[in-house]
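First subunit A sits with subunit B, and in the next complex the same chain sits with subunit C.
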Partner chain A sequence: MSSAQDEARLQNARETIDSLNDLSQLLQTGLDKNTLSICVGMIEQGANPDTLAAVIKELRRESDALKAQSS
Partner chain B sequence: MSTHPTLPKLAQQLVLSLIPELKEVKDRGVTNQLANHVLREVRNDVHGGARKEWDEVKGNVEGLSRTAQIKVQTDLAEALDKNLRTLERCRDIGSKGWEEDVPIRMGNLPQHIHLLLNLSTKPTSQTHDFAHSYLHCQLPQGPTADQILYREIMETDPYDPGEVYDEEVLSGWTDSDSDDLDVESSSEDRGTSSAEDEDIRTPDTVALRAQRRRAEEQRKKEEEEDRKMQAEEVVRGLKEGYWNRPGEVGEMKEGLYGWKELTTGASAAAIAARVLTERGIGNKAVKASQLQRELIFALSGRPGVLFDFTSDRQCTVKSDHPQVQYLSPGALEGLLETFKIRATQAAQIRAFIDTKLLSTPSSSSSGAARRQTSKVNRTQQAFAEACRGVINGFDTWLSEQEAAFTLGSVTGTASAASTPLLLNLELEKQHAPLLEHLSSFIPHSRSPTILLNLIYSTIISLNQTMSSHHLPALHYIFLLSAQPTWRILGKWLRHGMPIPSSLTDPEQSTFSTFDDETELDQEFFITRDRDVSWADEDFWECGFVVGGEGWPLWMGEEVGEMVLEAGKARGLLRSLLGNVASVEEWSSLNEVVGLPTSTLGHDNGAGLGYETVDILESVTTHLKPMCQITQFHLRRVLDEECGLDQHLDAIEGMMYLKGFEVMHDWALGLFDKVKSGAKWKDFQILTSTLRDSIEKKQAGWMNPSAVRVSTVRSQTALEGPRALSVIRADYQVPFPLSQLFTSTSIELRAEVFSLLLQLSLGRYLLAGTKGLDKEVLSRCHTREDESEIRSLWLVRQKITWFLDTLYIWLTGRVIETQTKVYRTKLESMTSLRSMIALELEHTRSIRDYAFLNPASFELHEAILSILDMTNTISECVTSFLAQTIPNQSETRPTPGPSSNNITERRKPRQRQRQRRRRKDISSSDEEDSNEVVRHDPKEGWQVGEASISFVELSLGQRIERMNKELEDAVALIKKGVDGLAQNLTAGGGGEVWGMLSWDLEEWK
Partner chain C sequence: MSNRPPSAMSSSSHRVRTSSTPTTVRPPLEQLVYSLVPSLAPPRSSNSRIDPKSGRTSAASSRPVSRADDDVEKERKERVKELMEWCEEIMESRLPSSTPLSAATLPDTAKRMLMQSSKGDESGSERALRFNGIWSKLERGRLLSSPSPHLQFLLSLSALNPTNQPIRSSAPSTSTSAARSMPPPPAPATFSSTQPSSSRQPLVETQMQNLTVADFSGKGKSKADVLKAWRTAKLYIAQPPFPPHLLLRDTLYLLQGIDGRFVRFALAPPKEQNPYLTDKGKAGDGAGFPLGKDGAAAVIAEGTGEEGEVVGIEIVADEAKDGYISQPTRTILMQLSEMGMLYRKITEFINSRQATEGRGGMTEQSLCHFLHHELSEYHRLLAVLESQMNLTAPTDEDKPAEGAGLTLMRLGLWTEEMRLKLRQMATVVDEAKVAHGGALVSKIHSHTRHGDPLIRKFTDQILEDVSKPFFATLQRWIFSGELHDPFQEFFVQLNPENSSLRDGQASPAGDIGFEGGIDAAGGQEEAHKVWEKKYVFVRGMVPGFVSEDFGKKIFSTGRSLNFIRYTCQDSDWIETQAKLANAGRALKYSDLAGLERSIDDAYSIASQRLLEIFFDKFVLMEHLRALKSYLMLGAGDFTELLMEALAPRLSKPAISLYRHHLTSDLESAIRGSNAQYDSPDILRRLDARILEYSHGETGWDCFALEYKVEAPLNAVLDARAMIEYDKLFNHLWRLKRVEVALTQGWMRVTSGSRLYERIPGLNNDWHHCRIVQAEMVHFLRQIQAFCQLEVIECSWAAFVDFTEKREGDLDSLISAHREYLDRVVRKVLLLSSKRDKEEVLLDAVRDALDYILQFRDATDDLYGWSLAEATRLDRDRDAERGLYTAPTTDSPSRSYEQLSQIRTRVRNCSINFQDRVASICHMAGSHSDLDVRFLAIRIAFNGHYGLRRKDKSSSAGGGGGGGSSSTRGTRG
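Showing the complex of A and B:
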């Protein structure tokens, strides 16, 4: 019984993450599913979404800078 | 114990995920540095803020959805809404259970969404594509969380009663549960529960049963509501029948709509009914599909709720017609007006077909009475038949459109009748031009020639504009409509013009007192002019003529004239030879034009690549040889059977004095009588003497039985050569040559004949005086007398020279040459009409050269005055001989070659005048006249009484005056001839006149 309930909860969690992924694409956030999962994990551990969003944007700028250097 | 990654590790994963290039770098320093930075930022939470609640992020997402709707990004808006509902459902489910070990807790869901909202950017095309697929794609089917839970519950056998409790439990399981259930169970179950039920009832089963009962009742209530609404809808439909109320203008919902809703959800008719109240727009409206059917019905000639038809088949829009949902009144009016025109055209064509095909056509031999009563001709019926073919095609198209509209298209493409504009477009493309053409033809269908001309002109204009789509149909209409005319034409060419039986059967003519000539068909473009009879000389030209509408355009004027003459020739041949062999089999017009009979190209695309035909060229090629053969046949009959050349020889032999021996012999007798004053004007004597001369000279070729000589009455009594101006020769030309040598042409020749006789008489008189020269000289007693006589001889010589010159020119250079040219031309001709024209042209030309044209009246009078002088000279010589005594006794010879009697002295002129006043001046040919023509240089030549002074003058004075007048007359003639000679235009005869002018240059 408990395993079934756990499985239902996990299924609900997967469905939630899938929906968040869909929302991510509808909002054109640029996050793939892996990155989104990491973000979800960080927020679950107490990260502030505003801070996390600022960090992500900063890392993207870093990525662009690295790409520009390599090219 | 949690198995989730720690925050540092997640920070490192985030760095590597966002900057994948670092994965390839071996030195982890940068990665760690960035991960530490991330970790530090997250932990320090410098951007910190309050935790977001569900309603807050939900409102944000809904705001985005509304924004997408405003931007007409319907899919995106709906996708956001759908996603929000999914998340809300997940949240609801997740929040009911323990969330210790799940990777995502629903309490944090607003934070996750908030993160995504922070990172959101403007939607791109990929976003819309994803939204569309998100909305419409089938999600992978798997058990939902509820299904899994339900399955687990069912596996545990939830209906097993388990342990039996000793004490009865009558109400709730716990306090908390019993609060709600008590109220419901006490109110809902109380009446239905029995004591037995109560025995097995547990708190769980009671609650479940109550819940199920409530759900069931709710469902039944909803179903009942639905049935009630449906029933009301049915009742309303039955009550209001066909009509559907346009509905009220609904209140605008809060916010804005997508285009789809704006364009399909609003009733334009209802808006108009609300807004344009002053225009009296009714509250009835039909659906768009009903409009389509009304349009199709109107085109097929059936009235409906929108259109009506008057008695004269005019389509009208009903004044109280209903509106159409989703169409504004203005748009509807425009559509109805457009279709009204085409519906009227189609209806009038149908009415024409019904009228004409049910009537009896007029017969070819019908009389005037029937002509008035019968208003339908066969061409109209043929045209109506062609119209029926076109309308059948149109009706088939309409029914196909209706079927495709109603049943759906097999090919899957939209039916042309699915929308008003598409129907109109297809109608204009497929059938409207033909309907328009037929409608324009119908008012002119009463006249076959005009109708066929119109159809032919339309074909030609379409050919020139390269619009070949409807050409096959128009060719079909033309060929079918032209069939009656073509049959009549065939009858005309094969049997010829109608001829009375008196011509085909001479015996019947004796007993026939009425005109039994068959009437021509009224529809034929050739008509009979009843004012012209077969005996008239212009029968060939005017008996049968083209009708008032002229020649058919599809035949052309040239071929039309040939057809007209070929029919006349065929009829004439029938009258001459009886039943002549008919022309070959008469082909149908379809075969001639080279089109199949069943060419009805009103099908779609039938005109594409259609090879058009030249109707005029085909008809011309077919008819020309047929007409030429008939004309050639007639010419051969005229030559061989009717003796054209022989009659022409006889005519010219008499009229132009070509039968010299015969005419000289006859003329001498006549001249003697004229000179002697004997009676000569009796036409029987004139004719019989001529016939005697012909027989005496054995000139049977002059056809003595046909010649006639007569005189016409003159207002003045004339003498000398001028007296012969009343004489007229005639030649009785038998039929049908009488159509060629008409009385007009014979009359023209007779005028020339008179002048030739006058010239001959003048020369004869002068020659007669020459025989008296010796005697006259012998009677000259004085030198003065001799001088006067010699002066007279000089004048006589001049007149003789002039008359000889004129006579030789007229007979040798004019008549002989012109006749030769005429004969050559005549020989090459086959058309009798052309021959008649040539004959008249030839005879008029000779008449003009003989100074008999009214324009050369002065010259003619001058010649006559010179001829008068011949008579004067003859009189002078006679008088001189009578007044003088011969020197020696000798018998005075007669003054003329054939004169054997003594010439008596003429009566004194004064007495003659007195006598003339007592008598009718034209009653007797013995009457003499002293009226002569005098030339006034200013007033020209005038006929008047001879001046007494001239008669009373002495011989010398008379000679002198005569010499002067001779000079004046010749000068006038020379001047006139010079003027005519300068006319070198074609047909002006300048060269011929030039020869006379050159001859007269010798005048001294």
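Showing the complex of A and C:
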């Protein structure tokens, strides 16, 4: 019983993430699915979406910088 | 709701766990770091799934060799830790969230963004549709607590977000350059320190982007920034600002109405090249501009006509060399220069008035004085300002004026009050150009209702000064009755028509004609004219603070005093009175209540005094009583005697009348009657007069009794009133004469009846005569009683009632007397209210009176004939008895012819008379005046004339037929 319920919930979560992913692609955010799911989790836990977006931008910049450094 | 996030979290973490390492469950932030910065991911977990391309991780994947990689690993961990700390700091930073707005508008914002981005193979609308589908699915799905934060998150990262675009492009470049310069990124380096200010820089920027995503503020820059940018873009920013102390000095010049070195007044150029109407592009080359919007309009509107009118200022400074004068500074200069312009205007006014010394009038002179005083205040202010400026000047080079000293703004502020005052003065000056005297005062007074208390107070000050000459004139006028007004500024002025009345000397009245009496009035100046016409009341000059009624009162007061002084020759009283009044108080504007009080006092004193003079000194009432008893025939004994004495003379043709006979008869009538006890002053005035006569008139027609009045009595008994009295006398005298004639006729008929009773065939005639005579006596009695009792005595009683109260001024006395006289004339002469028909009734009465006289003649003739017939019969009888009788010349047949003629005359007269009386009754019965209607009732008290009229209208000539039949009967 619990496994079936779990399964349904998992399915549901996957669908939600997929929808969000679609949305993300539609909006051209450039986030991959993994990152998106992490972010969704964080927002669901109550993180401020604005600040989270700021963090992601920062991290991207950092990553770009590192890439440039390494290249 | 609270249990759901963990479930989602668990799912994601579960996925991570299943996909990557099962060993360590990292916090989501760390995962995020690893997932976004794959180069920093731990080598163990460097799955190909995360970032297979990264060279670093692939290198790091050869784990066994990594003995020397420990350092790298350590450094990596260090970096990760730093990054984590930074990210946490960002997360914890309390940025203002845009959520309040988001929940409702986020989907719309997203849709709008999608619609606008037509990039890619699909159009914006299609993508928006797809978004709608996904969004509704998310909203329906129960897993997420709320999809809005997610959408917000996605939106702020979206590449479609217009604000993300430039930042994306610029941010990496700066960061790369920074990263290139030093291996550890600058931002993390500063984070460890406790100064987050510089590290926050990008954060704030992004926050601003986020805000704009939510359409919080249109542009990212504040207005001040925009202005700054605009100024930067302007050409002359390179130039330094114009030295303010120079401008200040110029401004002080401007305030004095003098052209400055760099700024000067712009004069109105000829119309066709007026640059102030069009905007000249280059402000630098000295294009002036009008004063404020209102000021410009007004100045241009009225000043375009004349050359040299100040319309504004122009700046002649060489801005390229000395610096740039900014627009706000120009505006301030312009506003300040308004004062200079006003100053010029006022000084011009003062100068022009001083140049034409003596013609401006006292009000204007005092206005100039006041303006002068105010301008010296202004000069004082300017001096203070200048000293302030001198204080400022030395320090001005080093530092811009701080606490003390003068700036343009301060100048504007400090002169604010003075500017208002100057404006007000300029307004007054404008008004003074068109108005003058009292009109000017009232114009200024209209400003006292201004809403601004400062202006109101200032206007009061102006008025206080300006009204001084007015009050000086007023004081002389109401306390001594003198008009001292050399410039015609007072609202009482000498009548320009007859300045000859000025001294008020009225010559004793000459002959006042009755019918054509006006001809004599040309040469005489009577007190009435002095009173009425000497001064005129000029309504336009009444100052605003004096109401019109009040002005009339003032006018009357001064007039009374003037009249007392000049016409009544009682100047001593005036002098003492004026002294008393002057000692008491001085009139001034600020004490309007006191002014009213003192004017009321002066008014009542002057009018009382004037009435006293009239009633006590000149015994006006005695004169009026004399007029009533002599001219209106109130004194019966006197009238009787006069009539008796004059009757033989007046029956003769007018040409044989001599005035001295008449006056001697008058004298004897006075001596013989109670009139002798009247005061000689009154009797002296009584005089008999012969009016102008034409051929064939008898003395009755042209005799008139006259009562002479002179100044100041003829203020009340003016020429018009005397004419009315004459008319009254004429009518009443006629009535009296007819009455006397009738009485004498009756006496003769009655006393002589014994003589002719024996004559056969005459009884009917005499009977008829007696009947008609009685009718006439009745008619005359009624008329006379009506005149004397109903009209004259009643009106007199009303008039006496009024005079005993002694209220009002001479005007009210005059009007009361006029009313009395009008009433008497209207009723005695039976004037109707209708135009053109006023005298219809009077004419009828006169006709009736004429018929009475004719009838009397006829009866006289009848009497004479009866006597003759009686003597003839006696003679015949004597002859029969054999006595000697003188031979008779006339034959009986001829005498009967005479009789029939006389009979016809008598009959005609009586019929005509009765017709007249009937019509009089009819007309008087429908008269508008109730008393006259009552007279009609009295005359026809038994309806006799009404019946007669009916008879006559039913059978024309019925009465005449009856009369003739009766005479025929007598003859038979």
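Remarks
As a convention for this text, the second predicted complex is superposed on the first by the 65 of 71 C-alpha atoms of A that agree within 3 Å, B and C clash if a C-alpha of one lies under 4 Å from a C-alpha of the other, contacts with A are read in each partner's own complex, and residues count from 1 in each chain.
Note that contacts are C-beta pairs under 8 Å (C-beta built on N, C-alpha and C of every residue); 3 or more make two chains touch, one makes a residue touch a chain.
Please read these numbers as outputs of a predicted model, since none were measured by experiment.
Within the superposed three-chain model, A:A68 lies in touch with subunit C and out of touch with subunit B [touch as defined at top].
In the superposed pair of complexes, A:Q5 makes contact with subunit B only, with no contact to subunit C.
Looking at subunit A, you'll find residues 9-10, 12-13, 15-17, 19-20, 22-24, 26-32, 34-35, 38-57, 59-60, 62-63, 66-67, 70 touch subunit B in one structure and subunit C in the other. Against subunit B, the residues of subunit A that register as touching in their complex are 1, 4-13, 15-17, 19-20, 22-32, 34-35, 38-57, 59-60, 62-63, 66-67, 70. Listed in rising order, the residues of subunit B touching subunit A in the complex are 4-7, 10-11, 13-15, 17-19, 21-22, 34, 38, 41-42, 45-49, 52, 61, 64, 76, 79-80, 83, 86-87, 90-91, 93-94, 97-99, 101-106, 108-109, 111-124, 127, 130-131, 134, 143-146, 148-149, 151-152, 156. By the touch criterion stated above, subunit A contacts subunit C in their complex at residues 9-10, 12-17, 19-20, 22-24, 26-32, 34-35, 37-70. Looking at the complex, you find that subunit C touches subunit A at residues 4-9, 11-13, 15-16, 19, 28-29, 31-33, 35-40, 49-50, 55-56, 83, 86-87, 90-91, 93, 95, 97-98, 110, 113-114, 127, 130-131, 134-135, 137-138, 141-145, 149-160, 171-172, 175-176, 178-180, 183, 185, 187, 202-203, 206-207, 210.
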